[in-house]
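You will see chain A twice below: alongside chain B first, and alongside chain C after that.
Moving on, here comes the complex of A and B:
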């Protein structure tokens, strides 16, 4: 392995495409086996547990509904860790959109969940009906709003709230199970090209590289950039899941999920692996030291710079990945869902 | 202006005949691309001027007929403009400018009266129900704004993206669309907005209040659209900045073409505009929601992508601009990939064409968005799938044409690591 790759480096880009399929498999397969499949196994497990708690021990589906809130936290953690893998099974039937509609810059979640709680509409609660429902009323971010928004907590009877949480968590668990099943029963084979989806190993590498670059872009531009806004106009209410104070936690979970991917993509290049490890660790240390779970500090000039500094750490990882890892893999960054507005 | 285009096209045709026997020159492909951009923006300008004429006629002599004529002129103006959207991503000069002319979605209560169901100011936007037409003076971020006269400067300088909020769209096609059609209050049922012509009438015939100010707003927004399009058209003329930027590095120029095609197809059209609407089942997620023209908006966006690849554009006067193409350039390197891209572009246009034909036959785009409407979802997702699939092949073209290293240079953090502190 190591020899193969050091040869590749010395002769440059053109040779990468010529490296043996076996070597490329060695790059891909551990990522699938050690990172992707465990992430979706955990997601399927934790979301099933959440649906179970919702069915058996829901009291009023507010922040103080302890057992539910804890199961919710574990399932959401599992999603954030798995959410970096946005290709293949997560995109079939737009599953990832059903699990996570964020950012919601039109404020649709509040309107949709609020309307359900006010009307106590029971017609949509059956699983097959709910599966067809708007993504603004589904998934983790709708659940977050229902359980943690101070106004939403006062809406609806406890029994309707629990019934709605039951529908939401059942839908989340079904979606997570479907993604997990696709990964274990076939999609992994697509990653051994030539396949219907990928014509060559380079295309698989590009997919994995794009996962890394997109994940870092989400962290920098959305998780940190949105609440930071501008100095004159900070936007703390645009922080992800600020109602449950999970904003910083999500950034950390995402970086922790992206770090082993970066290291795996740099396999055979120990210097680059070290650099990547140091860059991620630096960002993670700064995240740990921040002690501002909702990024509320963006509004205060005295604490804002610390969030800006964290964003810079993520930008530094992106720069390193673009400058050194991309050329080494010989693939372009490609297009991603953030290319639009 | 038209003769200038013909001249440029003739020059590029000569370039082609001199070199075509050997290889497709990147310069010639870029020249044709810039010629198509020029023709597309010039057509957008021509049709915007026609719209201005129709708006002037409406305000001179308000009537149902004249309102209808202005609406027809707006719909015609969208045909070339939507085909220009493929130039937006990749060409910084377009991307920095386009928010002035095509920003969407908008909180239309900023501009004029809205139905009670619209609600007031929202968490995200304190100005969502400002209603400039009804208010000659108002507070904005602690300052009193004099809006006694509604001018292009007021719209452009003060109101547009007021308070730093993108939904405060005061200018461009969609602001004009709202003034011509009004809100579409029919949800996911058939039918567009139906503002009465008397909203522009004078004296006692005036409905909705402040008809003079509404007319003033419409005039200002239309004038601004014309001047903005004049500016952009000039950027693609012989020495225009949009055109010359392409030739600073011809390989990067080719990459720009593919960036525009891929970013519009995938992130913007398939994601933001089409899939999100289906998954939210929300008629407000229609790109041209007031006029119910969304099927055309999507169709001509898709056509613009195909135009760039084929190196061909049919002008609004029916003439064809064509020349050396990206298709020929790709075919020279990988004929199978070229065939794959051509097929996928056709598949996408077929899917977008199905949405258009269903809508024109009476099953409108907002109906397709209704919750549980499986056939509508299938129509829209057909377009989404086509757009995503063709983007994969554009990525293959980036690799085949060895544009990879260029693509790495687009990152903000790489170009300007200190940007985050500004």
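Moving on, here comes the complex of A and C:
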């Protein structure tokens, strides 16, 4: 398949292990306390604020509905920052998927939200009904379609649109609150093995390392790779949240969330921390200089190379992480994952 | 204490050697390829309790294996594009034979025996002609006795159906050893299931709808009622959400499982191994690219459970559910409800866990 891990040659199965001066608890606890819990606290707070704005100040739930759009932007930012932590509480009841139905290669969001706006079905608006509704009609990407799709903005009465946004944002806030509550009322303890979830510190490190590698893979292959497509067939409409022009912003937020994780995982190895910091900063500088919020430039050979160069920066971070951080943690994975057969 | 080997040795010395069969005690319950920490590729025999009973060094990376239906022998196949397959005595791990395909062909990593054990069938690539081949071998002498078309490009897994024919997963991907494992035909690729008679007649050819033509049907499993389960590997864009598991019965259209479950995304477009539960009511698929085993109900087509297991790939029907193996050296017992580690060692377990005996 297309996954390429050009720098992963060794299958780091030998337990390399951290030196005893850096017990795994020293590694894990700051990540939980300083990165994970604040990210989900912020998400719970911003999604509650969004639901509140939707209930009190919604006009027509289009791109020009300023107060709503601003609250939406802050809540979506909080989700992108928190979304790298895809284990434990986000996986219960497919919560992360209900916040985040993306990529949507079969166009299910448009069909689901479009059908609601056309039928103005009020039966699904109550919170307990909406909680059971199709995942394609839930979460930030459904909201993005409803508020920012050119055609969808013309569908449905303002009152129905606002009622639907009310149901969507209430559901988003409930999901975010549930994730946040699980983190603060028990899941954090699971990360001190042996626990029901993790047998050993190795498994915890593996989970955290995988968070980093998966996050970088999403950035390279999905956030950048999907809109880039091929030179002959660029796919700008595959950029994440292109309707609200948030594609580049999401890439930046994700890299900013992954950078402190990488630094924390390299604790005790200042040279590696420096290298990681430089690699992230290089990618972030290039992202900042791109000035192409929805990666529309992928279609123009004159600007496409700049998106490709950004993708290469992310690939370089991945290579560094695989070559140096993985072996240090003793969790360089992928004997089977890399095989492809 | 009388060890089994000592006991057998005694029998042999006394000239009382019984004909070896799978009924012998102390034989492995599974075989699997692996990688030792020192870089040596092996085929290992494992007991149900995860104990390694033998380790046979292989000249390169292995992939799958197949058990002779009568004699306690297994054949371990090279990972594609390898050109060796080692036949081993399962009582000792001793090598009985090594087979190599004719010039211009390489193995794909899977094979199966005929019901009476007289013939062995191997999936092969005739790479100069981009043609899928099934090699036929005499399993008394392990000499090649012929070959026929697999019915399509890229045959990978193959199984013997109890109704008296072969089922072949034609992955559809053209490769050539000169360009490694790079797919050469994505613009025209189309995967298929082929049902073939033992002399190579194409009995039925099943392809998925055109929008799934890049879903490579790669691995097979057999339910007690004869239903064929198949696992796929998506060759289209990363992030596309596509079904990974399907079921098929001859004369009907394939059924794709868990298509609307968002957790399908967790597989990252990649099914590694597939195996039914002993009762055939559920089927499990592993994905080392998603660190998951997902269990799906064959009647409702719904996903009923997923287990999060790092670098999991090997999967075999056993006990109340399955036994799974990982690239991190774990052997686990799986039920629809839980995953329970049995052993963890230093050997990285490769793609497939093959029940024997």
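In this section, the second predicted complex is superposed on the first by the 309 of 341 C-alpha atoms of A that agree within 3 Å, B and C clash if a C-alpha of one lies under 4 Å from a C-alpha of the other, contacts with A are read in each partner's own complex, and residues count from 1 in each chain.
What we mean here is this: a contact is a pair of C-beta atoms (placed from the backbone, for glycine too) under 8 Å apart; a residue touches a chain by one contact, two chains touch by 3 or more.
Values in this document were obtained by computation on a predicted structure and should not be read as measured data.
Shared-chain residue A:222: touches chain C; no touch with chain B. In the superposition on chain A, contact of A:302 is made with neither chain B nor chain C.
Once the two complexes are laid over each other on the shared chain, residue contacts for A:196 go to neither chain B nor chain C.
When the two structures are aligned on the shared chain, A:233 is found in touch with chain B, with no touch to chain C. Within the superposed three-chain model, A:87 lies in touch with chain C and out of touch with chain B [touch as defined at top]. When the two complexes are overlaid on their common chain A, residue A:315 makes contact with chain B while staying clear of chain C. Once the two complexes are overlaid on the shared chain, A:110 sits against chain B while remaining clear of chain C. Look at A:132: by the touch rule set out above, it reaches chain B but stays clear of chain C.
Between chain B and chain C, B contacts the larger number of chain A residues. When the two complexes are laid over each other on chain A, chain A has residues 13, 94, 97-98, 101, 105-106, 135, 199, 203, 206, 225, 229, 333-337, 339-341 in contact with both chain B and chain C. Per the touch definition, chain A reaches chain B in the complex via residues 13, 94, 97-98, 101, 105-108, 110, 132-136, 199, 202-203, 206, 220, 225, 229-230, 232-233, 237, 308, 311-312, 315-316, 318-319, 322-323, 326-327, 330-341.
Across the complex, chain C is touched by residues 1-3, 11, 13-14, 87, 91, 94, 97-98, 101, 103-106, 135, 199, 203, 206, 210, 221-222, 225-226, 229, 333-337, 339-341 of chain A. The touching residues of chain C, counted against chain A in their complex, run 35, 37, 63, 79-80, 109, 156, 181, 218, 233-235, 237-241, 262-263, 265, 269-270, 272, 288-289, 291, 308, 310-313, 326-329, 341, 346, 348, 350-351.
Remark: chain B residues 89, 105, 122-124, 163-164, 166-167, 262-263, 265-269, 271-273, 275-276, 279-282, 284, 371-372, 391, 394-396, 398-399, 403-405, 407-408, 410-411, 413-414, 417, 420-421 touch chain A in the complex.
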